[in-house]
Structures are given as C-alpha cells and as structure tokens.
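Below you will find the structure I want to go over with you.
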Amino acid sequence: MKRIYFDNNATTPIHPEVFDAMLPYLKDEFGNPSSIHWAGRNTRKVIDEAREKVARLLNCDVGEIIFTSCGSEGDNLAIKGLVESKRDKGNHIITTKVEHPAVLTTCKYLAKTGFDVTFLDVDNQGMLDLDQLKKAITPKTILITIMFANNETGVIFPIEEIGRIAKEHNITFHTDAVQGVGKVPIDVKKLNIDLLTLSGHKLYAPKGVGAIYVKRGVRLVPLIHGGHQERNRRGGTENTAGIVALGKACEIAHRDMEQEIKHLTALRDRLEKGLMGKIPHARLNGHPKNRIPNTANISFEFAEGESILLNLDMKGIAASSGSACTSGTLEPSHVLVAMGVSMEASHSSVRFSLGRGNTVEDVDYVLEVLPPIVEKMRSMSPLYSAATGGAANISFTESGSCSH
Amino acid sequence: MKRIYFDNNATTPIHPEVFDAMLPYLKDEFGNPSSIHWAGRNTRKVIDEAREKVARLLNCDVGEIIFTSCGSEGDNLAIKGLVESKRDKGNHIITTKVEHPAVLTTCKYLAKTGFDVTFLDVDNQGMLDLDQLKKAITPKTILITIMFANNETGVIFPIEEIGRIAKEHNITFHTDAVQGVGKVPIDVKKLNIDLLTLSGHKLYAPKGVGAIYVKRGVRLVPLIHGGHQERNRRGGTENTAGIVALGKACEIAHRDMEQEIKHLTALRDRLEKGLMGKIPHARLNGHPKNRIPNTANISFEFAEGESILLNLDMKGIAASSGSACTSGTLEPSHVLVAMGVSMEASHSSVRFSLGRGNTVEDVDYVLEVLPPIVEKMRSMSPLYSAATGGAANISFTESGSCSH
Amino acid sequence: MYSEKVMDHFSNPRNVGEIENPDGVGTVGNPACGDIMKLSIKIEGDVIKDVKFKTFGCGAAIATSSMVTELVKGKHLDEAEEISNNTVADALGGLPPVKMHCSNLAADALHAAIEDYKKKHTK
Amino acid sequence: MYSEKVMDHFSNPRNVGEIENPDGVGTVGNPACGDIMKLSIKIEGDVIKDVKFKTFGCGAAIATSSMVTELVKGKHLDEAEEISNNTVADALGGLPPVKMHCSNLAADALHAAIEDYKKKHTK
C-alpha cells in the first residue's frame, strides 16, 4: 500500500544522514562523555561539535545552547527556570491561549503557585494583537512566552515585534520555536529572543533530544539538578547519539532550508487550493499567508475529523486533527476554539503537515482520495442533512461534558 | 589494541538484542505514539509492552511506571514532585552524604528553598547507621531518599529496613536505584519502596531514557508539564526507540540476572584479590561483602587516580576514578571523603565496574598491566618516597581551594 | 487503537440513513465532544421492524451507532430497552477508555427514540 | 581531553627524580586537589645546571612538571623566574580549562625552589 506521511508537525522520520551520523554512538562510541578513556573521550568532542551546529542554525554562541530531552522539557526549563530566578523582580507572566500544552499547562500550574498569568487572545485567523500584548504588560511582568509558530495552524507570530516590546520593557522573552526551527530562518539576535525551545524529532532528528537557547546573561534555575553536564544547567549523562543527531539535523536544515521552503510551499499550496476547490464547505483555519510553509489546517464542515483520518489511514495517508499530544482527550482543539471556530467546525478539522520526503504525487493522491471520503462521512452526518435540507440546526439532548 | 571496558557504572554499551529491538523505531516505525495512523498506531502498543517489562523486573504494576529521559530526571521528578505535593504535611527530608549528585544537588537546592534536609553520615566502609536514620526522623519528615547502591563503591544500603522504618512513620521512601536495577533482584513491594529511579544506560539500554516507579497512591507534581503522556505525569512526545530499548533491557536483565550475578561476582573477586595481592598499599573502599557484584573501588596509595587511568587507557583498559559525572571538578570524591578516607587516598582511588561482556582474560590482563603502572607512578611520587623513606609526611606550600 | 470489529463497523456501517415517517426519533450528543447521533425507528406490534442512524462523530461513535442498529433490529421494545452503552461496547469487543464516556451514546439514542415513540403513541 | 604534547610529557616525563644535595627544593600543591609537586635544582653560577621533579598528580600535573624542567634547564635564574604557569601551559599547547587552576603548579614549584636556593645562599 502507498504510504504518505503528512503528519510532520507531530513527528518526523529520522533523516537518513542523521541516522548515519548517530549510529556510531549507539555502537562502539558508547562511552560516557565525562570519561577520560577511549570509550568516552571522543564523545565530548562530538557533543561540542553538535552544539556548534545548533548554534549556527540559530545564529548564537555555542555557550548559549543547552541540550534537553525534548521540547516539553525545554519549555518547562525555560519558563520555570526563568520565573524562579526572577521571582524577586515580579510574578507576572504573559502568554497566549494557543500555546502548546508544554507551555500552557506549565503556565496554568504556575498560576496556581503564586504567579499571575495573562493568556492573550488571538483573532479568527489565529493572529496576535500586539496592542493587547502591550496593554498586558505591568511593572511586575518578568516573562513573555509566545510561540514562534503554532503547531496546529502553522501561523507565525510577530516574533521580532514581540522581542522589541519585551526588550523595551526589560522583560525576558521566551519563544517555543519547536515548529519553527528548521522550517524557516530564525536569527535569535535579530529577533531579540532571550530563550528559545526546539525539539529534535520535529526536524528529522530522533525523539528524546531537544535544546534550548539561553542568551548569555539570562539566568535559569535548573529543572534537572545533578552533575556538571551542560555547565551545571542540566544534569544527566548526555544522550550522545541523540545530541549528535540533533546537530546533524540542524546542519542539514541550515543547508537545505531555502530549497525546502520552496518545495514545501509549492506542495502545501497545491494541496490547499486543490482541496478547497474540490470540496464544498471546506475552510482554512489560520492566516492564509503568515504561516510556516508545510502546514495546512482545514475544516471539512459536517464531517468529523477523526473519522476522516481513519479513512485516510485506510488509504495509507497519515494526517492528524488538532495536536497529536492532546489526542488523549475528546475536547476540541483549544487553538481553534480560541480562534472562535465553532465546536462542530473544530471537530471537523484536519491538519496536513508536509515534510521533506513529500512529492507532487503524494499531494495529488490526497486530492483524489479525500473528496469521496468527506462526501461519504457527510452523507452519514445528521448535521449535513439538516444543513443542506435548509434547517440550520438540529435539536438534540446534550450529553454532559466531554472532559473526564 | 585490546579494548577492555571496566566502566559499566558510568555507562554500558547497548546490548545487541536491545539494539535490534529498538532499531525499527528509529526507522519505519517513527510515528508519534499519540497518532492514530499507521506511523504511530503500533508505537502505543510497544510502549505499553515495554512498560510491562520494566514493571515485571521490579514486581510492580504497569500503571506504576513513568518513563523519563535519564536517571537524573527521575531523581528530580521523584524528589521535587513528592516534596511539593506534600509541602503542607512538612518540610523535612532525610538523605545521605554519599548520594549521586542528581539527588545531592537536588536536596541542597531544596534546602535553599524552605526545606530542612538531614544528610546522614556513613561509616568507613560506606555503610549507613539505621539508628542515626531513626533519630533523624521528625514529625515534619515527608521524604527519605537513600540510594540503593552507591555508584562509586557499589555498597548496598539496607533498603528493606529503611522501607520498614519509613512505612512505620508514614514517610514516603524514594530510592535512587540507578546502580541496583538490573544488577541485583529488586522487589519494590517486598522492600516497601514508594518511589524508585532507574536509568537505561546503566543496564545496556541507550542513553536518553529512564523510568521511575511510583507506588499507586503516591502523588507527584510533574517536573515536565505538558501533554497527556505518561498519564499527565510527564509531558513530551515519547522516545519510542529508547522506551522499547529500556523494556528489552529489563527483560534481558530479568532473564539473565542469576547467571550474571555469578559471572560478575567471580570476575570482580578475582580482580580484587589479584590486585590486593600484587600491589602493596592497596586498600578496598567500601564494604567487602555488602556490594553489587560488579564494582571494586581500590585506592593505590601514593599513586594518583587520573594518572593511573591514563596509563590504563594507553593499554586499552577503561576504568574511572570517582563518579564520571563529577570529573568536571578536581575535588576528591564526596563519597570517599564521607567515609573518612584521606584526601590523598581519595585521589588514589580507581573504580573498576564490570559488565556482561567481561571475561577472565580481561581480568588477568589488568592484573598483569596494572602493577607496573602503579609502581611507575609511585616512583615519581614525592609522597611515596617520603612514606617509604620513613617520613610519614612531607611539608609543602598549600595552593588554595581546588573548587572553582 | 480500535479493535477489528470496531473498524469493520466503522468502514462498513450497517443501516445508515433516515427512515421516512419514522415512529420514533432520538438525537443525542454534544458538539463539544464532536459526536452527534440521530436514530430513527419503525415499530410494528412493539417490535423494532427497522432502524437507521446518521452520526457525526469519530470512529467509536459511528461503530457504536452501526452496532446498536444490528443489535435491536427485530427485537421487542422491552428487550431493546435493556441494551446499554456498555452492551454495545462489549458487542464491539471493547472501546478505548477515552472513548467510553463520550462517543458511546448509541444506546442513549436508541432509548431516546423509543421514548419518542412511546410519547407519541400513549396519548 | 589532553593534547598530544601533554600526553607525550605524561607518558615520557623528562627529568624525574630527586637531585642529591640539591641547592634548592620547592614543594607545592594541595592534597584536596590531588596534586603535589616537588622540584629540586642544582645551580652553578646563577644557571640552573640540573633540575628534577617528583609529582603526585593527574596527567596535567605530571606533564607540566616535566615541561617546566625542560624549559629551565640551562637557563639563568633571572630567566627562570620569568616563567609562569601560563608559560608552561602554553608550551604544552594548552590544558583543559578545569586543569588550569590547580594542576598547573610546576612554575610555582620552580619559584619555590629558587626562593629556597636564594634563602640559603644570601646569608
């Protein structure tokens, strides 16, 4: 069966060059990087080299990179580590309603432990209102944490402007750039970013490794206390293979970025236009222009997302609805809800997130396969017959909350 | 050149069976375990299977295992997560002076943020005094965290008794069992353990994965807030390959344990007796009997540890002095210092930690190679000529502190 | 995630549609959960002669809808009323825990349809 | 960790030993750091004719001891006094940062030996 992977925002396959680069560190070069003997000696060097490669992609210094185990750890370290180190300066945090759970849950937790958190709205295209941000700033604001690009819609936030505003007010600025790094150019100096999170498995490195950029001078209380690794900022024996892989992935991202942006934008636009043209009642979620090049989030109203995905899967096509991380719940996407998308339309959304391996044929196959699937699901839908039969709504017995 | 690896307490090579088990998840089975499509669907199942294997090794339920990224994360999650959830019940923590930095630094950090921490002494064989433990308990004690086996000396603590004492006093008991799991049988139910940390790369799984056991009913505040992974107790996309590897490693440890204990004990004893017999002024650090089977820590007085290691390395033998994690410092081992070993003898210590691949030939090679090395280093040592020349001490200009 | 039986009912759902001039109709669900089911029944002599469903929802919602129509077709109303959401889940070989609470409402839709029928016919 | 030059001086240290009837002896170090160096010198006409060391210490400590003896042999005392710990580290092609502070004391030992010589010979 054909296998087409359109779920690269959930996780990416490992790039073959990355796999080759990491393999020796799963085999003979297994030593502890802190060891002085043959098994470990070399690994210290390759970790430093990987750090350089990550730094080069972000345009920062090697000493400003801390390796972590994933994006979520990075977000927690950046946010908790920063607010704890600045607790005497204030207790106010600004973030948005559309952050990834790694940021959102962390901020909600902090809100229960003595911090004030402002959750900014977004408009119906998922965009931020900078005036709202400025108004939210108080003398007690110590951290602004706003994502670089949204994982569900791909919408890119005005990071440079946010960086400038934060700097003017002497507030630390963290950005969860898990969906941005590797996909679009990011220059932390130019964008005035103080803290940035990235995750390996979103840019063709394996799961189990990530990194944060910490601008020189920004102090963090460690999340994982322990040995002297990462200059005392993150304990734990280094995951050499993962770190080498992340370095290689960043090197490749840097090398191939321009070409990949063209490649993905072309495919994504072809997919999007094709679907919108072929399927009635399809609407784009998110800003049409201001997006990372690989993501299309579309609601096929009157057809439910999961059932579309299951049908796509039966045809070998992997896509997702909402964020993969929240698929343990039935609640509609908090991102789409924050954008004012109706409950039904939220539940009708499908996210296509393309990757380096995808081709025009992949896109055309989806364009061929998806319309009849949506048609089939709609023919089974009581909402669709009600809507097309003229009645705008049907009445039904509500069955309590869906969180449990 | 011969390559003999005697540094398994620092990190182990990946077991070939483990490598084979994890490989598919670095290749085709790369999906996000939260995804419903072909790329991810299978990975949810294999993670659950890995969880079962870890649980079986420890004799607990699958629901009591949380996967982490390393031992240090596990220690931080167990300790910080527990004391935060029990903060209203008290603020006193009991630990020992000989814990790994992942526990020690965490406890020192907590001591600066409102917690009282008692650091228990050990005797000159590295053993704990249970009466001292009992006396340290106060009505405010909420956590006892004491390691299962010491990474430097291999000394095993009286975990069952500690578990009983903790239970009697209704105090949560955490044990850092990073050096115990896989080497000796551990039954968390029988030992009355509430929280236990393990790390993959100490039992032939790769670096970048670990787990903690959390007894049903014990509540932890997450260290990494985020998605619904690990039942909301640890956010972050699961490191499927690492988790599968850890499961396999636990399965193998369970299967081969009896035989490996015999194998390692025989080799270790041969090494130890041989060295003590052939090299004068060699003394064992740690209890002669009460130890994990793979570890021998010996001070070769008047010869410095690192210089011995460098010489061993030139002969292809990998060993270590102190803990690999602290090799970023020049301070003597905090473990040996706590045992009352002199500064000079601490700096003369070498740790041999054996593993499954080692043979009698390996041991005999070390027995052949090491005595002349020690002899050479001693012949260069001003301490040795002073000592053997009859003068017990030499006088010298002290050069400040060595921590920096 | 889903058992084979669930996937079978999902991909080849039985009795999809709406009965013209039904004797009873039940519609349940919650748009927040993304599951809405509409079940219509035809009754002859207290026996369910025909039953059809339309469902907007996930795999579990569609499969349970399909399964409940199979379970009740030809059954006496008294028997049909005994059928619970758990009966349906069991008949499908189980559902993922997260789906038990919300997407497993087909029996509720059935009971609503029967109630609707009774309301109309006991005047 | 160590450069080739460091490893060379570590594995083949020059001028190991103790001079019999030395003109000056310097012993420096800190047992807490695990490095103790003893340097003895033979002086003729303000020139270092011979120099030997004994060191208990890590690779850096032994290599710097060896290197300093090479650097000063045959040198005038005034020149020898100019040699600093950094000179020694540089001559070895650098040392790991963690080793710079503590294990790089050979020049200190040299200066202590010269001082010892001067103390004895300026009465």
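A, B, C and D label the chains in the order they appear, each numbered from 1.
Here, contacts are C-beta pairs under 8 Å (C-beta built on N, C-alpha and C of every residue); 3 or more make two chains touch, one makes a residue touch a chain.
Keep in mind the model is a prediction, meaning the values are calculated, not measured.
Asker: Strictly by the touch rule at the top, which chains does chain B share as contacts with chain D?
Answerer: Joint contacts, listed by label: A.
Asker: If you average the Cα atoms per chain, which one ends up farthest from chain B?
Answerer: Relative to chain B, the chain whose C-alpha centre sits farthest away is C.
Asker: So the centre of each chain is just the mean of its C-alpha atoms; given that, what is the distance between chain A and chain D in Å?
Answerer: 56
Asker: Rounded to a whole Å, what is the gap between the Cα centroids of chain A and chain B?
Answerer: Computed from C-alpha means, the inter-chain centre distance equals 35 Å.
Asker: Where the centres are mean C-alpha positions, what is the separation of chain C from chain D, in Å?
Answerer: It comes to 90 Å between the two C-alpha centres.
Asker: Going by the touch rule set out above, which residues of chain B reach two or more other chains?
Answerer: Those would be 36, 306, 310, 328-329.
Asker: Among the residues of chain D, which ones contact at least 2 other chains?
Answerer: Where chain D is concerned, no single residue meets two or more other chains.
Asker: Pairs of chains that touch, anyone?
Answerer: A-B, A-C, A-D, B-C, B-D
Asker: Residue numbers of chain C touching chain A in their complex, please.
Answerer: Contact set of chain C toward chain A: 2, 7, 10-11, 13, 16, 18, 26-38, 54-59, 61-62, 98-99, 101-103, 105, 108, 112.
Asker: Which residues of chain A touch chain B in their complex?
Answerer: Listed in rising order, the residues of chain A that touch chain B are 3, 5, 7, 10-14, 19, 26-27, 30-32, 34-40, 69-73, 75-76, 100-102, 105-106, 109, 199, 201, 206-209, 221-229, 235-242, 306, 309-310, 312-313, 316-320, 323-329.
Asker: Give every residue of chain B touching chain D within the complex, in rising order.
Answerer: 302-307, 310-311, 314, 328-332, 342-344, 346-347, 379-385, 394-402, 404
Asker: Which positions of chain A touch chain D when the two form their complex?
Answerer: 36, 41, 44
Asker: Which chain D residues qualify as touching chain A in the complex?
Answerer: 1
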